[in-house]
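Next come two complexes, and both contain chain A; in the first it sits with chain B, in the second with chain C.
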Partner chain A sequence: MTTGAIVVAIISFVLGALLALMMIPILVWLERRGAGLVQDRLGPNRTNIFGFRLGGVVQSFADVVKLVLKEEYYPSHISKHRWLFMLVPSITFVAALLAFMVIPFADNVVIGGESLRIQPLPVDFGVLWFMAIGAIGVVGIMLGGWLSHNKYALMGSTRAGSMMIGYELPLGLAIVSFIITYNTIDFNAMVAWQSGTVLGFLPAWGILVQPLGAIILIVALFAETNRNPFSVSEGESEIVAGYMTEYTAMKFAIYFMGEYVAMNTASAVIITMVFGGYQLPWVGTVDLVTHFNAFALAIMAVLPIGILFFIRWMQKNNSLRPSVRSDGSREYEAKVFTYVLIAMTLIVEAILIYLILSPEAFLSRTIAVTLLQIAIFVFKLMLFNLFFILVRWTLPRFRYDQVQHLGWYYLLPLSLLNLFVTAIIVVGVG
Partner chain B sequence: MSRKIKVVPRYGSNIKDKLYLPAIYQGMKVTFKHLMANVADSNAIETLEYPEEQPSDITQRYRGLHRLTHREDESIACVACFMCATACPARCIFIEAVEREDGRDEKMPKRFAIDTLECVFCGYCVEACPCDAIRMDTGIFSLIGSSREDFVLEKEQLLAHKGAFGEEKSCARK
Partner chain C sequence: MLENSIFLILAIFLIGGGLTMVWSRETIISAFGFFVAMLAMAGVFALLGNSFLFLAQIMVSVGAVVVLSMMVITAINLKEENLPDEPNKLRWIFFTALIVTPFSLLMYRTLVSVHQNFAHTSEGYGSLKVLGEALFKDWVLSFEVISVLLLAAMVGAVVIARKELSDGA
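This part shows the complex of A and B:
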């Protein structure tokens, strides 16, 4: 291994860990603020550090501090297997975290004739890894409910188990049909396949090539993350908090954070498999590198306009109504962030000008393209996380027998049909 | 009897309903519309940014914190008849009577205290008072203290509260 390979491996691992872990407070905040805004409320926007409230993100960190400082409480009837009871939430958390680690954040970087993956775990069997590790998450839920010696918790875990039987088969079959279409089990090769076009003008994204398979995949992944409309294992109106009824303090927090990591992982898998991953539509990595100047100029033109709109939006919304007396802290925060954003824009513009004016700097152009792809990936990831959140505040919860009914009577036959049609077309065309 | 039965049609049997997806799309459209409108202008949300923004819709009938009224010469209107303490369902009014020396009335309270932690703000004391001496028209809805004793309002504090809607003096005792 060369130095470049080691550096890329370390950077992509750190990037993966940051994307998975730092996304948790942001997603918790996004969920609460999003819920508020959907329901015409404001949501948490008060907590601040030296007047900087960042729209309320600080609240998530305050919550974590609260949960860490809380008393470690165990129900008295859990005496024998207390260590297992304590350990179980991390199964859910770690499973979701590991499944995220095979997602490519950008296309392979060629340094010194060596093709390096921008993937925390540089493996070429990502889909199999995701299917194997992703399904373990439900084991944590079932064990947790079982160990609690609580009727509600047991009901919650049996529901989770019964639901798992309902959605795992359609999920697996949908993924198999994608594997047949893309002819690979490597996430990065899947994304590379999606950089082309179908019918001459549409981007070859999975949702357009395999619409039925994509819908089944999305529905099944919603079920795997235990989120609405499939959050039957924690139906608070009938079984309190379901499997985590007896969990308090940090043990609860790990379950809670595991749910958000799982949601993040599901979003990443969905955009990698059916929404073109880190690619811009119609534009592959090679096009980005060869026509670098055109893209750099486009970014230089679009970025200031976008930042300008963002600054105006921030100054308008990070303030109280004119009729209200305020201490000016929100205006001060908006002012500081305006300067920071302008400075960052200027730095990005300067870097792009340097890259355009030095055509021999092939390596730095490759790095710039990689960074652009990472930015696109994060943007798509946030959009899909927002979709998850919006679905939660739109739909009511399924009954758990309805989930099984949906899985066995509709999704399974449909995914089988989709699989047969895909196989016939692939064999016929190939 | 049978004529009054209304048969409600059962929905969900046609293909469009069974697909779920059109209904999900409809619902998502509504929530997304709300989200985008509120993101675009969060100050337009009809909500109170409470500590900075105070409620402006407190009416005359609102039962706020109590006050003891004055007579024309700024002396206390209360005659310590114990009607309010008798009517109080929470037993939170404590009165000690003393003889009144200035000849306007026979009695006046030496101590008149309300434990606001016990008080249920039912307004029965106001209804019971024959002298219009106790009122709940201050419009004060929040009381802050750092110990339980801070919430027991004494006569001086109750006399210091101002009415928020005029009629400063007692109407029954001149």
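This part shows the complex of A and C:
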């Protein structure tokens, strides 16, 4: 391995770990603020460190501190197998975390004639890895509910297990139809396939090429992550908290965080398979590198305007009602962030000007394109996470038999039909 | 050296998990042992560089077999009196062991002789492409026959399950 390969491997690993783990507090915050938005209230927005509220993200860190320091409580009948009781939440958490590690964040970088993957685990069988490792997570849920010796926990875990069996089949068949269409099991090659166009003008995203398969994939992944409207395994109106009923403090928090990691992983898989991954629509990686100057000028023009609007929005909203006496901390926070944002914009503009003026710097242009693709990936990931959150706070929960009915009677036959039609078309055209 | 130590750790988990599954008197510890053994088996395949077997092992054995057997155990609520009584258990074990002894010897011989001459793997061993080509070029008939057999087994299982249901109702 050359130095470049080692640097790229370390950076993509750190990036993957950050995207998976640092997303948890942000997603928890986004969920609560999203719930506030839907229910016409504000959500957590007052916790601060030296006056910095970050819009309320600090609340998530306060929650983690509270959960770590909280007293561990065990039901008295769980004395013999306490080690297993403590161990199983991490099975769910680690499975969701590992499944995220095969998502490509940008196109392969060619350094010194060597093609390097921007992927925490640089493997070329990403889809199979996601399906295999993602299936382990339910074992943690089932063991946890079973060990709790509690009828609500046991019902929750059997619900989770049977739902996973019911939705794994449509999910697998939908993924197989995507594998046939893209003719690969490599996530990065899937994204490369999607950077073309279909019918001459539409971007060749999976949702346009395979609409039925994409819908089945999204629905089945919603069910796999135990999110609303499929959260029957923790339905608090029927079975208290399902498999998490007997879990307290940090053990509960690991289940809770594992759910958010799984949601983040599901979003990443959905955007990689059906929404073009890290690509802009109509624009492939080669186009980005060859017409670099045009894109750099466009970013230079759009970025200050966007930042300006953001700063005005922030200064308008980061204030108290006129009737409340202010201590000036919100104004101070807004002022600091204004300066930071302006400085960051200036730095980005300076780097882009340097890259435009030095036409020989091919490598630095490639790196700039990679950074742009990572930014696009994170943007799409956040959009889809927001979609998950809005769905949760908009739709009511399905009844348990309705969930099973949907899986077995509608999604499974539809995904089989989709698979047959896809195979006939691919063989007929090819 | 590193490979040997990884193999040793995986083997300890594999054998320990298997023994726990057989010997533990508590179902949940058995289930956990089964899970650990299956994961360790996948790890051994990964150590051999066979990515397909590694993934298939996790997908089929952990994702399907372990989860399904746990589902069955939690769903049927088995009690002591539901189990069949085994009056001559020790005698059965003794005579079965006697019958199995020659096969065990054969197994031992095979393992010892295989140890001396391992087959050399070809280029691209363990990759999905080579496996798919082998399955659909050289072994296509057996592949199709096995799939028909599995389909027949599935239909049979559904028929048996439905009959039980109508008897009970």
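The rule is simple: the second predicted complex is superposed on the first by the 428 of 430 C-alpha atoms of A that agree within 3 Å, B and C clash if a C-alpha of one lies under 4 Å from a C-alpha of the other, contacts with A are read in each partner's own complex, and residues count from 1 in each chain.
Everything below uses one rule, namely that a contact is a pair of C-beta atoms (placed from the backbone, for glycine too) under 8 Å apart; a residue touches a chain by one contact, two chains touch by 3 or more.
In this text the structure is predicted, and so the values were computed from the model without any measurement.
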item	value
Fit or clash between chain C and chain B when superposed on chain A	fit
Partner chain in contact with A:382 - chain B first, chain C second, else both or neither	neither
Which of chain B and chain C A:324 touches, first, second, both or neither	first
First (chain B), second (chain C), both or neither touched by A:34	first
Which superposed partner A:139 touches (first chain B, second chain C, both, neither)	second
Touched partner set for A:94, first chain B, second chain C, both or neither	neither
Chain B versus chain C as contact partner of A:42, first or second or both or neither	first
Partner chain in contact with A:164 - chain B first, chain C second, else both or neither	second
Arrangement angle, chain B at one end, chain C at the other, chain A at the vertex (C-alpha, nearest 10°)	120
Which superposed partner A:393 touches (first chain B, second chain C, both, neither)	first
Minimum C-alpha separation between chain B and chain C after superposing on chain A, in Å	28
Interface residues, chain C side, partner chain A - complex	26, 28-29, 31-32, 35, 39, 51-52, 55-56, 58-59, 62-64, 66-68, 70-71, 74-75, 128
In the complex, chain B residues that touch chain A	21, 24, 27-28, 30-32, 34-35, 38-43, 45-47, 49, 52-53
Chain B contact footprint on chain A (complex, rising order)	34, 37-42, 215, 313, 316-317, 319-321, 323-326, 390-391, 393-395
Complex contacts: residues of chain A adjacent to chain C	81, 84, 123, 125, 128-129, 131-133, 135-136, 138-139, 142-143, 146-147, 154, 157-158, 161-162, 164-165, 168, 185
